[in-house]
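Each chain carries a letter (A, B and C) given by its place in the written order, and its residues are counted from 1.
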Amino acid sequence: MKLGRNVRIHDFVNLYGCEIGDDVKIGTFVEIQKGVKVGNRCKISSHSFICEGVTLEEGVFIGHNVTFTNDRYPRATNRHGELQTEADWKCVPTLVKRGASIGSGATLLCGITIGENAMIGAGSVVTKDVPAGATVAGNPARIV
Amino acid sequence: MKLGRNVRIHDFVNLYGCEIGDDVKIGTFVEIQKGVKVGNRCKISSHSFICEGVTLEEGVFIGHNVTFTNDRYPRATNRHGELQTEADWKCVPTLVKRGASIGSGATLLCGITIGENAMIGAGSVVTKDVPAGATVAGNPARIV
Amino acid sequence: MKLGRNVRIHDFVNLYGCEIGDDVKIGTFVEIQKGVKVGNRCKISSHSFICEGVTLEEGVFIGHNVTFTNDRYPRATNRHGELQTEADWKCVPTLVKRGASIGSGATLLCGITIGENAMIGAGSVVTKDVPAGATVAGNPARIV
């Protein structure tokens, strides 16, 4: 794990193998998996989950209880009925561009890009790319 | 923080600066922020997040994984690109009246009032006031 | 609590009174309540909540931040205004059949059966039975 300067991390967090930039705040009950890159001046609020494959550029706001995903067809086991391993699974990346804001309770499907300064409404389920500066909401999320 | 009599708090919680009434139960992985008021005989289930600006009257049920919000346009940084401080942000209040029940997985936008004994269905996204005694569900939540 | 062989449990979990099969993985910030049965080779991802009344057969995938429920009309207090006890409440069961996959951020209403190998899309709110092999998504979740 690589931590920038002036990073504030609350209690009960699970971070591993990620890169966190400068001046980042990370709330309680947050998990950030290996390979994640978090840019400078991001704020990641409590109860959120940021999985492998996610990149947050600078100044991104992640609300509370936000869930990212990285697998289109997740399964517990492979076709032989054994627990899946890294070999059975492909990580699909997601990019959140600078200044974007992901509202609390949002779920993001993988393989998408959230444009610069876009705003995702609370409780949205985001299934496709969001243009820069757009505001989206709903399930599936649409421009409002 | 001010705790009433006979409050039961589970492990792994993050409470600070809030007022909790008598006979309240608070589950695991709950965060309650400063300024929150929780009335007597409320039940707050695991994984829920209650932010600054929220008031729960008496006998309110908060399901599991419920998310409140208090900022209509959250951002990580201010217009100068610096991390936001308290000065850059206005807390929008939410009121849940006595006997109301917020179903698990619900997300509540801010600035709204949930009426007495109203019931919010599991997984709802509540975007506006809910009348007393009403049952709502969906995203956005509508009366059912 | 009864744990099978080769169970991997991460930090910050709250398990009690449940039965966990062999080769099960349980992520961070998970709560599993009493009476839950988890079959062999299930994977339960971080931030998920599995309540009393839920049975997972073999090889079930539970994504991150998944919420089960077991009470159709939850309330904090009974008709006399006192905190509810076990006597005021009926647990409604939910069954997830072998090989099913529950996407991250999904909420499941109670009293339903998720069929074998069914797939629940991320962020769905599942309100009724899902047939074997079906894929559902949305709020309420519908076959896609």
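We take it that contacts are C-beta pairs under 8 Å (C-beta built on N, C-alpha and C of every residue); 3 or more make two chains touch, one makes a residue touch a chain.
Keep in mind the model is a prediction, meaning the values are calculated, not measured.
Student: When chain A meets its copy chain B, do both sides use mostly the same residue numbers (more than half shared) or mostly different ones?
Tutor: different
Student: I need the rotation angle between the copies chain B and chain C from a CA superposition, between 0 and 180°, in steps of 5.
Tutor: Fitting chain B to chain C on C-alpha positions yields an angle of 120 degrees.
Student: For chain A and chain B, let me know how many angstrom lie between their CA-based centres, rounded off.
Tutor: Once rounded, the distance between the two centres reads 23 Å.
Student: List, in ascending order, every residue of chain B touching at least 2 other chains.
Tutor: 12, 29, 47, 65, 125, 139
Student: Given the complex with chain B, which residues does chain C contribute to the contact?
Tutor: Within the complex, chain C touches chain B at residues 12, 14, 29, 31, 47, 49, 51, 65, 67-69, 73-77, 81-84, 107, 109, 125, 139-140.
Student: State the interface residues of chain B toward chain C in the complex, per the touch definition above.
Tutor: The touching residues are 10-12, 23, 25, 27-29, 41-43, 46-47, 59-61, 63-65, 99, 101, 103-105, 119, 122-125, 138-139.
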